[in-house]
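A quick write-up on the structure given underneath.
Going by the order they are written in, the chains are A, B and C; count residues from 1 in each one.
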Amino acid sequence: MKQFISVHDAGDVNQLVQEALSVKQTVNHQSHLGKGKTIGLLFLNPSLRTRMSTQRAAYNLGMNVMVVNLDKDSWQMEFEDGAIMNSTKSEHIKEAAGVIAQYCDIVAIRCFPGLVDRDWDYDEIVLNSFLKYCKVPIVSLESATRHPLQSFADMITIAETQQVAKPKVVLTWAPHIKALPQAVPNSFAEWAIATGAAVVITHPEGYELDGQFTEGATIEYNQDKALTGADYVYVKNWSSFADYGAMPEVTGDWLLTEEKMALTNNGKIMHCLPVRRNVELIDALLDGPNSLVQRQAGNRVVAAQTVLKKILETL
Amino acid sequence: MKQFISVHDAGDVNQLVQEALSVKQTVNHQSHLGKGKTIGLLFLNPSLRTRMSTQRAAYNLGMNVMVVNLDKDSWQMEFEDGAIMNSTKSEHIKEAAGVIAQYCDIVAIRCFPGLVDRDWDYDEIVLNSFLKYCKVPIVSLESATRHPLQSFADMITIAETQQVAKPKVVLTWAPHIKALPQAVPNSFAEWAIATGAAVVITHPEGYELDGQFTEGATIEYNQDKALTGADYVYVKNWSSFADYGAMPEVTGDWLLTEEKMALTNNGKIMHCLPVRRNVELIDALLDGPNSLVQRQAGNRVVAAQTVLKKILETL
Amino acid sequence: MKQFISVHDAGDVNQLVQEALSVKQTVNHQSHLGKGKTIGLLFLNPSLRTRMSTQRAAYNLGMNVMVVNLDKDSWQMEFEDGAIMNSTKSEHIKEAAGVIAQYCDIVAIRCFPGLVDRDWDYDEIVLNSFLKYCKVPIVSLESATRHPLQSFADMITIAETQQVAKPKVVLTWAPHIKALPQAVPNSFAEWAIATGAAVVITHPEGYELDGQFTEGATIEYNQDKALTGADYVYVKNWSSFADYGAMPEVTGDWLLTEEKMALTNNGKIMHCLPVRRNVELIDALLDGPNSLVQRQAGNRVVAAQTVLKKILETL
C-alpha cells in the first residue's frame, strides 16, 4: 500500500477487512516491522480517537511516533501557488511538507474542511498539497471529504457481527446543533457500497451527499421506510452539500429512538463518535445491547495497524 | 495494585515506601516489565512535574506513552447522566472513557477541582467517571481532592531523611495570591498520618480541611506553637473548605521565615511546587541546606515508577 | 561535548562537520547509544523543523523523548532573583530547571528573544538560567541570540556542495512584514567565519548585527556588490540591533530576484525556513535547481544527531 486516503487505496475491501481480522488476533503483540521507523501524526484539528488509536497502532508495530499539532505548535500555512506571503501565514506548504517528509517515514494528517468554500474543500487542497510535496506515504486521519480509517474500522465491525451475507446497512442523518462536515457519511457510503452491502441513505431534503460517494446506494427520504428491515443503522449528522455548509430547516423528527429501531431487523447501532446523546439518538440505544459504538472505536486500532503494516511492508 | 487514586490503594504505607526505596536503587535501569504496554497520560489541567516524572517512570519501565491534553487537543466533555447534549460539550465521558480504555493498558488522569461547587468536586465526578467507564487501571495525577503521587513522593522523602522513628511533621498554611485546591494538603495529611508520624496542621481560622483527611492529626491555630520542635515543615496554601473556594481574611503573618523556623528541631522544609517565592516562604529557606523540595521532586519519578510497576505486575 | 549552545561548543568546526557527514551515512540506522536515556525538548515558542528533526535524531539514537510546550502545558516562569512572586508567574526558573534536570539526561530548549529589552535578550537570561540551574547537558533549540543547530546544519550543507576550498558566502538581509530576531544571522555568521569561508554580510543601514558575531566578515551595504561572485547566498530577515527590535526604513529593493542572482558565481540559495515567498525572495529561486533549502532542513537531523551522539558519549 502506497498511501491511504480513500477507499480507492484499499484494493478489494472485503479482502482488506479479512486481513484486518487476522491482524486483530495479534494486535497487541508488539511487532518489529516498524523498528527504526518514525510516523508523524499531524493535526490541524482536534482529535481523540484518531490520535490515540493511530499512535497505539504505530507503537504496536514498534514505530516511533511524533505528534505535532500543526495548528498550535507550529506556524500558519499558505497553500496558494505564487502567493506574496505578506499576511499572517508564515510558511508555505511546499516548504513545510517537503521538510516533514525528510523527518518521517510515514506522514498521517488530519485536515477538516472549512465548510465555507466547497471547491476548496472538495478539491482537498490541504491533503493534496501534502500528497504533492511530502514524498513519503500519506495516511488520512480525516480530510475535508473523507475519513477512511473510520470507515475501514466500521467495515471491520460489520464483518465481525453480520449474520447475513448481504446485510441492509442504513446511513441515517441525525440532528445536531452545529454544521458538521460530510466526510464521515461520504466515506462510510463508499466503503459500505464497496463491500457489497445493501446500502440505504436517508436524510431530510437538502441534505443530499455528493453523488460521487453514493453511487450504488438507495436514497430514501422517508426515515421509517429506510429503517425497515435494517441490519445496521449508522447514525450521523452532516451539513448540506448543495447549500454548502448550511443547515436547511428540517421537517419531522430525526432523533433516533427505540420506536424507530423497532422497524429494523433487530438492527445494530453504529456511530463514529463523538456523539451528542439525546440529540442524535437516545441514551437507551447507545447504552443498549445492540450498540456497536465502542466496538467500532476499538477497531480503530485494528484498522490503523493494518494500514500501517501494509505501508511498512513496501518501505 | 489495581488502581492508585488515594492512600487507600497503598496498602501498608510504610511497606510501600520501603519498596519505593528499593525501586530507587535501579530507577534508571530500563526494565522490560512494561514492554508492549501503553500508558495514556490525560491532562485536563496544566502540569510540569507530574507530566514529566510519570512519563519518565513509564519509559524506565519500557512502556509506550501517549500524552493527551484533553482540555486542548480533544473535545469538551459532558459528565451528567441523561444530559441532552445540545451545549458546547461534544462528547460524553461514557464514550470518551470507554474508548480510551481500549487504547491504553493504564490510564493516568489529572483533573483539578473547579472550586465552585463543593459537592461536584468532593464527589470526584471526573475521576469517578473514569473509574466507572474506563475499564483499565486508573492512576490519579491529582484529582479534585487528592494528589497521591505527590504524597507518596513526600513520604519517600521523609523516610530517606528522618532521624527519629516518629518525626513531628507540621503542615502549615501559607499565603498565596489566588485560591488553590485542597488536594495536596488533604492528601499529604492522610499519607503522613498513615505512616505513624506525629502530624500537626496549622492554618488560620476558616481554612479547616475536610475532617475525613485529618483524623489523627492535631489542629493548631497558633503557627508558632505548631512549629515548635518540628522535624518537617510542609508549606502549602489552600483555599477554604467551609466557605468553599474562598480566601477568608487572615490575621497575622503566615509567610514562613527563618525566625519561625528557629522554633523547629532544625526542621526540614518541604513543598510540592510550584512555589511562590517570598509569598509562601522566603528565598533563604528554599535555597538553604534544610530544603527538601528538589529531593521531593526527584522522588516523583520513584513514586510513579513504583506504582506503575505494581500495576504492571497485575496485568 | 558537554553542552551545545554556540559555535564555541563545537570545537574545530570543520572537523565537527566531517564527523556529521560520517553520521549522515548511517543516520537512519537506529543506534543503541541512547537506550534508556531521555531527552526533554522544552518549547517556549513555536517550532516545526527543530521539534521534529531533534525528536527524530533522538529516536535514531534510541532515546526516549519528552516534548513539553512550556508556554502552554505548564506554568509561567519567573526569572528574577529575589522576586516576590505575587504576579501571574507561578514558578521560578530555579525550581523548574532543577526539577527538569532530575527527569532528563539531556535538556534541549527553545527560548526566543522578546525583542523589547536588548540587555535581557543578549544576556540570554532564559538559556543561562537553565545552564545554571538545570544540571544536565543543555542543547539550544534557538535562543535569544543564536540558533546553533541551524548553523551547524548550514555548514554541513555547504561542505556537501562546495566546489572551491574557500567559497564566498554572502548573508543578505531580506524584507519581511514583522520584526524578527537576530539569532539566525548572528549564528550563521560566526559558524561560517569559523569554517574559513570568505563571509560577506549585506544589509541596509541600521541593520548592523552585533559585532561580536561578525568579526572576520566583510560588511557591504551595496547588495549588488556583495552578491558579485558569491558561491552561496543566505537569505534572511532580521530586525535592528542598534534600535533594538525596530524595523528602520529601508532604501532600495532588497527582495532577492533572478536578476540579482545573475551577479553571483552560479550561487546556491540558502534559507533556514520558514520563508516568506515573494517577500524575501522570489518563487523561481526557491523552486530552482540552485536552492538548497530542503537539503538544509534535511541536515537538521544530521546536525542534531551528531550533537546528541557526542553528548551521549560523555554521559
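Simple rule for what comes next: a contact is a pair of C-beta atoms (placed from the backbone, for glycine too) under 8 Å apart; a residue touches a chain by one contact, two chains touch by 3 or more.
It should be emphasised that the depicted structure is a prediction, and the values quoted were computed from it without experimental measurement.
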item	value
Interface sides of chain A and chain C: same vs different residues, half threshold	different
Superposing rotation of chain A relative to chain B, computed on C-alpha atoms, to nearest 5°	120
Approximate Å spacing (C-alpha centroids) for the pair chain A, chain C	39
Residue numbers of chain C (touch at least two other chains)	72
Residue ranges of chain C touching chain B (in the complex, touch as defined)	35-36, 38, 40, 64, 66, 68, 70, 72-75, 78, 82-87, 90-92, 94-96, 98-100, 102-104
Residues of chain A defined as touching chain B within the complex	28-30, 43, 46-49, 51-53, 55-56, 59-60, 69, 72, 177, 273-279, 283, 286-287, 293-294, 297-298, 301
